[in-house]
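Letters A, B, C, D, E and F mark the chains as written, and numbering starts fresh at 1 in each.
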Amino acid sequence: MPKRIAAFGEVMMRLQVPGFETLAQSDTLRYTFSGTGVNLAAALSRFGHDGYLVTTLPEHSLGEAAIAYLRKLGIRTDRIRRGGKHIGMYFLENGFGPRPSRVTYSDRLGSSFNTAGENTYDYRSAVSDMDFVHLCGIALAMNDTVRGHVKALAQEAKRAGAAVVFDCNYRPSLWGADGHAAARRHYEDMLTLCDVAMMNEKDARLTLGMATAEADPDAQLQELIPKAANQYGIRVIAGTRRSVGSDGTHTLRGYVYKDGRFAFSKALTFPVYDRIGAGDAFAAGVIHGEAEGFSAERTVAFAAASAMLAHTTAGDSPIATVPEVFRALDDQGMDVER
Amino acid sequence: MPKRIAAFGEVMMRLQVPGFETLAQSDTLRYTFSGTGVNLAAALSRFGHDGYLVTTLPEHSLGEAAIAYLRKLGIRTDRIRRGGKHIGMYFLENGFGPRPSRVTYSDRLGSSFNTAGENTYDYRSAVSDMDFVHLCGIALAMNDTVRGHVKALAQEAKRAGAAVVFDCNYRPSLWGADGHAAARRHYEDMLTLCDVAMMNEKDARLTLGMATAEADPDAQLQELIPKAANQYGIRVIAGTRRSVGSDGTHTLRGYVYKDGRFAFSKALTFPVYDRIGAGDAFAAGVIHGEAEGFSAERTVAFAAASAMLAHTTAGDSPIATVPEVFRALDDQGMDVER
Amino acid sequence: MPKRIAAFGEVMMRLQVPGFETLAQSDTLRYTFSGTGVNLAAALSRFGHDGYLVTTLPEHSLGEAAIAYLRKLGIRTDRIRRGGKHIGMYFLENGFGPRPSRVTYSDRLGSSFNTAGENTYDYRSAVSDMDFVHLCGIALAMNDTVRGHVKALAQEAKRAGAAVVFDCNYRPSLWGADGHAAARRHYEDMLTLCDVAMMNEKDARLTLGMATAEADPDAQLQELIPKAANQYGIRVIAGTRRSVGSDGTHTLRGYVYKDGRFAFSKALTFPVYDRIGAGDAFAAGVIHGEAEGFSAERTVAFAAASAMLAHTTAGDSPIATVPEVFRALDDQGMDVER
Amino acid sequence: MPKRIAAFGEVMMRLQVPGFETLAQSDTLRYTFSGTGVNLAAALSRFGHDGYLVTTLPEHSLGEAAIAYLRKLGIRTDRIRRGGKHIGMYFLENGFGPRPSRVTYSDRLGSSFNTAGENTYDYRSAVSDMDFVHLCGIALAMNDTVRGHVKALAQEAKRAGAAVVFDCNYRPSLWGADGHAAARRHYEDMLTLCDVAMMNEKDARLTLGMATAEADPDAQLQELIPKAANQYGIRVIAGTRRSVGSDGTHTLRGYVYKDGRFAFSKALTFPVYDRIGAGDAFAAGVIHGEAEGFSAERTVAFAAASAMLAHTTAGDSPIATVPEVFRALDDQGMDVER
Amino acid sequence: MPKRIAAFGEVMMRLQVPGFETLAQSDTLRYTFSGTGVNLAAALSRFGHDGYLVTTLPEHSLGEAAIAYLRKLGIRTDRIRRGGKHIGMYFLENGFGPRPSRVTYSDRLGSSFNTAGENTYDYRSAVSDMDFVHLCGIALAMNDTVRGHVKALAQEAKRAGAAVVFDCNYRPSLWGADGHAAARRHYEDMLTLCDVAMMNEKDARLTLGMATAEADPDAQLQELIPKAANQYGIRVIAGTRRSVGSDGTHTLRGYVYKDGRFAFSKALTFPVYDRIGAGDAFAAGVIHGEAEGFSAERTVAFAAASAMLAHTTAGDSPIATVPEVFRALDDQGMDVER
Amino acid sequence: MPKRIAAFGEVMMRLQVPGFETLAQSDTLRYTFSGTGVNLAAALSRFGHDGYLVTTLPEHSLGEAAIAYLRKLGIRTDRIRRGGKHIGMYFLENGFGPRPSRVTYSDRLGSSFNTAGENTYDYRSAVSDMDFVHLCGIALAMNDTVRGHVKALAQEAKRAGAAVVFDCNYRPSLWGADGHAAARRHYEDMLTLCDVAMMNEKDARLTLGMATAEADPDAQLQELIPKAANQYGIRVIAGTRRSVGSDGTHTLRGYVYKDGRFAFSKALTFPVYDRIGAGDAFAAGVIHGEAEGFSAERTVAFAAASAMLAHTTAGDSPIATVPEVFRALDDQGMDVER
């Protein structure tokens, strides 16, 4: 039974140098449009749900291109406002081996999304008839007005009976020095409002300021996540742990904390084609599991395989279907059995 | 001393999405033309022989493009019939890591090759003056008329004194449910007619229905291949065994059964750029060994190195020369010695 | 006030050699998805209406790619059936000056659209809530089953109160020798059912067999179109006349016959980038004029400018917006005034 | 004898959709870096002079790419400041025939150039040892701080004995409603300071508010340019008149007013590959003529041919050498003689 | 009835900057392989004859690539010698409008073809069984050894009963100052040996030193070509006259002098995509006419249409088939009739 | 404190087949310009120094393209002579796994650099005001005239007080059979003149003919490098040792011998994107260390990381900055600690 999900977030134009040249070496860029909300709505649309994006885009040719791209991804675009003048952009130069990838942002704060003022969104109609409403820590980092939109949408969603999903994804560069302190109040507001949270032990320690005597991250996780769930009344908390092997492969393991206990996925190891957006693929997997009434074990396995596949496809936005995720899940299992 | 080889088979247009995007993401395809007969004739032409293709291609622009491409590969095209309306096609999307590659076929049964009727080929002149005539299980799977062509060409080749090579390559998707039973009679006909066969223990067990008490594939091979050689009067039987490592590398080992005993190549391990056509490169290596009077040991080593190199080059059709195969053989040997 | 339009027709994959090479010279294709129904629905979506496509597409990766592309064009895809195995394709090699462009078709009759059997479409729900339903002579040429779908949809649309639009576009290659005679009965059925027809004097003379003493095409048009409107009870008949200048520019003039009199656009002269789909842009312009209640003069001017712009954009499907069409209309006017 | 020229202006990143697709249709951009000062300095470097750019660019990868590109153009980059965070951008979609090209800007006001504060440039060293200093009306339109830089550089150049060149190029979109009135004071300041001005009769009428009883633009030019030269004490005033033919070719004629009389180039007619930057190629031709001591007739002929060639090369920045300009001049002459 | 034609000449690698950038602006080249002999043999192969190339190519990867490309063109490659170290190259930058195209050569004199010594070719077997042997003035310009090959092949062809075709194409840059005088002796040798010559009035006047009182080129042609035919005993002399219109179109008219009278084609006017190789397409048309026994009128019409089409296709080597040439001939005729 | 470095060497045009096709399969090349001197000067420019190239380049379009490319790399081009006719070229086909990369040279000996005669360079001004002058064994291998330039520049540099750097890089293919014997005298001349040498134990043994009883290369290095330093009076000798792992990764360790003792870098292991030019990146690192007064340990660590990064970037010429090298150094350290 397909559900209806609205995600609120900025649409970013991603301009990527093809191959392994730098911007100073190349003369060509490939562009797509993405963002946490975009990735989430796209992934859930591919899973068979109706994924809506709530955002603001300019009316000019770049805004048109963004809208057309979102439609191609399967996202419902009729709750997108048009207005403002600019679209946020980031330039991506691919790294290779010991040379890291490099991201350069354009002037994001002047974007249509970040300049959409107080009375621009009709919060009620933006989230009406939704089963889930997804909000995230990146929008929360932007400015007071955007923060206001995020919280108002959460409240309105709650009122309308939708499940509120909040992804902590704390980005240090967006909050600046002393960022955790500045962010805490807003994160607490959101966690109090949400039903499902993407959160890890660092969020708990650093942003929420929760104390722990443990030094090991896994032990911190086991201690702090249940505490946070209890403290803020969060029904489901989920996330991933990742490590990078010396051969460049990544290993990823997902967790879901629900009904007082943890479920963990297998540790999946795989090569990486395009890393960006994999966290959103995990979050989409968790929402799909909740939407379908999966057990926590099945949900976390599905979400981890969804995240793994998102590393193997081009672009930020996940494109795997439900059968493709399950087949990846099975193959990976068999690989381990051999 | 160069030999003359005729291969009978369909020319397929291969349309590949460049890079790692899917058909829904990309807007560009790179195309080549291939098929078992094409690959075989191309590989043997690169080995210095005269490789002829016997097939049917349409007269329109796609048929012209196919012919030009075959000429570029070094294949002799003057035994190709022109007629019919269509060319078979397949679309290829590259996989990455745990995401598998994906092949989508166009309407192959309406192709010029598969609609070429009973009196279209002059079998005698098609195989005249040949040292080897190559036929394969894919053409055998198409329809009764094509099967008729395959068998008639084998008989005519036999009559004219050419060595008949038959490659079992059984494709489940082409024979459908209950396929092995349907195929058996035709495979038996071909094996009875052939001098050299590409065959493995699965062909013996499943298609030919040979019984064995062994469970291990290697033991099955050791038991069934000599039996089959004896039963059908086949002078040489050859094939490969392949495994895929957890790091994505492939390991391949070739075997040649001849004069009552097996010769095995070293197990070669290598990364894979383009897997399709590697089996044909092995078969071409076996034919080259036979043509040159190599020992079975030298033949199987050459054929395995030929197959290995075919994994490292773009496109289905092998392009390595004899010196390149021998150099790969030597390098690989040294790598193992270290 | 946006209207709702459903177009019924086949989705074709267009595979175009970039630049001016032939298929035998190049190794690259760019692909899009189009067809009369696609172009019509896309153009009307860009004009601000809700354009639906009614068709059948396979479930595999090419079908997925087609659906994604249609969404990108702004077409509503939820009345598209999934089924069958294949998608029709055509290959396009660009001509240059005295060298004509060349089109090569794949095996179109085996496509999902052309093999969709008698009980596949629910005609009633396919056209429910529509203001216009668009059908065309290309689908009518395919086979009896598709012809059945076309007529049933027209009848159902009529019953439901939608305006039926029929585009004659008679294609000689699809009807074969003696084609006009074979087609007449079906065209008469459709013209009897339709409210708006795209038709010219050749359709009247050759397909419908209407007699005229005039030799000049313009005089034939003036005589036969009113006759046909009367005979079949068609509210609006529209079309274009085109000529090609020695410098390669095209000149196009549109006409609309309505309420007993003709309205003509100015003759527009312009260079051509991509000619395919321009007739559909004209038809979409006529429908937009009808939808908006334009005068016949305004409708034909708008439709002609829409057709002109479709010659200047990449791909079959028109992409101009209403303001862009009006600006082109004005500029062209001024150019003539100078 | 090579001269030294410094141009002050913003470096813009130009992101162009290849071919004739729109941003919504394509997925690829080609990028270069340009701007009036860039084009001017590049053109004069190609003419054998030392062209310096005075500007501010960010330190990140886009700034690096811009610097490398400027070096490739032959521009001296050691008077470029590094600072700020962003680079201005514009997206270019190519038009075709009656479909116009389209330019979309990113958030230009936040660029390094436009946020470089009052004490950032050392005006004296920026223009030291220069023969010419070039300033333009685009920088003048930005904000008060940039206007301050423009005027201070002009004063400093004057003091140091360099010839000041001012290009009026008034851009309505940058000055907004009531723009001419807002701009007048600043233009008057610059014209009073400059030795050489690029100006036409529209600048005189609209920006400077000079009255004329003439209606014909040519007559206005003949009346107002000498007046302006007199009023502001400008030694040389130059510019072009352009018209577009119905076949898409452009016709361009240059004028130079000096020593109390006009010199005109022939009217040059040519097809257009890339129009942007042609005005800067004309200005560079005028400066080259002045630098070399050409007669006004030779200067205007050279400048017009330089502008013509700039329409035929890729990118904004002119790349023709002095011999190439003279050959174009001769060929064009011969074409007329035939 | 297909004929056998051998052409002797150098294979050049053509490296072309795509689009309209210069070598200093771009970073990409597209490469093909061509040359007068290549173009001639390719064109005649497309006309259904057996076109052989006699040349020398190196054994390395560039030589392999050249051979594969020739095969793709349909050229018989088994009379090509392998030896030497290098392949001649030229770089091509496309011009636009008043900006001319630019060709830059690599070190051509060190090529395999130009260093092939005196005893490298077996002249007899090189031209055995041929109906036509084609030689040209470009090879004649290279050095004494190559000149020796050209003359020996002509003599051997004559002896074996093949028709000798000689194309004067005199290239000033290859003969240097005082070139006509240096060339005369060699041209006279070749004209004495040939049956069919490509020659115009300039060749007669400048290279052969024939005197005329006429100033008009057409009158010179009418006077000198019959004289030359008579003087050197040439059966057929053919050539073209070309002019370039102000709109960039070319106009071309062919002539064939045979049996004491001239036949002229219509003047064909057309836009140009790729000019190089069109003269070879004309020569191939003349040879085809001779091979088929066409009347002189039909031959010259066919050859001119062949040349026209060669301007409209990518690459140096003509690719039109006989039906395509005839259709172009007819269409052009109809265009004139309108 | 930036230093001034002049490198003397040939500029080669590198023409690379994109992806993994061969020259016979592809039709496209990407080109850049490189060479040992280019790479060295580019790397040191990126490290903040003034890198000059001393060479000769032709005046035509390829020469222009080379100069523009060198400027883009940040190299000072005003000590480059223009003259001669040709530029050296090499074609690069990428290998994959067991299939090796392949390099094919054009006729290099006819290049502008290699035909620049005895009185072409003004040695004194070529190296004036330099802190370092870099020369290498590749130029030494060309011909007597170029050898003369190399030695004269070394002597002149010595006289002017610049540190002379000599990179042995002995290339067997350039010296031919009996090459070491032919080279010895010239190497001895250069080592006697230089302050800093890039040299390994093979150079000592084979080219210089130094005897050793050790069989192990490391032991040979430890014995012979100090001897050579002593014998020729070389202040610093540096180099790298490399091995290739079975998974395709390379391991590289650098050494610097100075003040009577060796300093070694860590062994760095990494995947390889583009191997060419990495030795020059190491040499540039050594010169930077010397220029900055680093300890031998810091120098060798910096140089090794510089070499490692050069394997991960596109093109021959290193592009890493000093901060990027230090960061790679740190990251690699941490990877080892895990």
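Convention: a contact is a pair of C-beta atoms (placed from the backbone, for glycine too) under 8 Å apart; a residue touches a chain by one contact, two chains touch by 3 or more.
The shown structure was predicted, so the numbers you read here are calculated from the model rather than taken from an experiment.
Listed candidates were A-D, A-B or A-F; the one reproducing the E-F interface, defined as more than half of contact pairs identical by residue number, is A-D. In this entry, chain A maps onto chain E through a rotation of 180 degrees when their C-alpha atoms are superposed, rounded to the nearest 5. Each chain gets a centre from the mean of its Cα atoms; for chain B and chain F, those two points are 47 Å apart.
Centre-to-centre separation between chain B and chain D, using Cα means, comes to 64 Å. Rounded to a whole number, the gap between the C-alpha centres of chain D and chain F is 42 angstrom.
Contacts with at least two other chains are made by residues 22, 24, 27, 68-69, 72, 247 of chain B.
The part of chain A that touches chain F in the complex is made up of residues 19-22, 24-25, 95-99, 246-248. Contact residues of chain E toward chain F in the complex are 15, 22-24, 27-32, 60-62, 64-65, 67-69, 85-86, 89, 91, 93, 102, 104, 106-107, 110-111. By the touch rule above, chain B contacts chain E in their complex via residues 68-69, 71-74.
Chain A meets chain B in the complex at residues 72, 247, 268, 270-273, 308-309, 311-315, 319-320, 324, 328, 331-332, 335.
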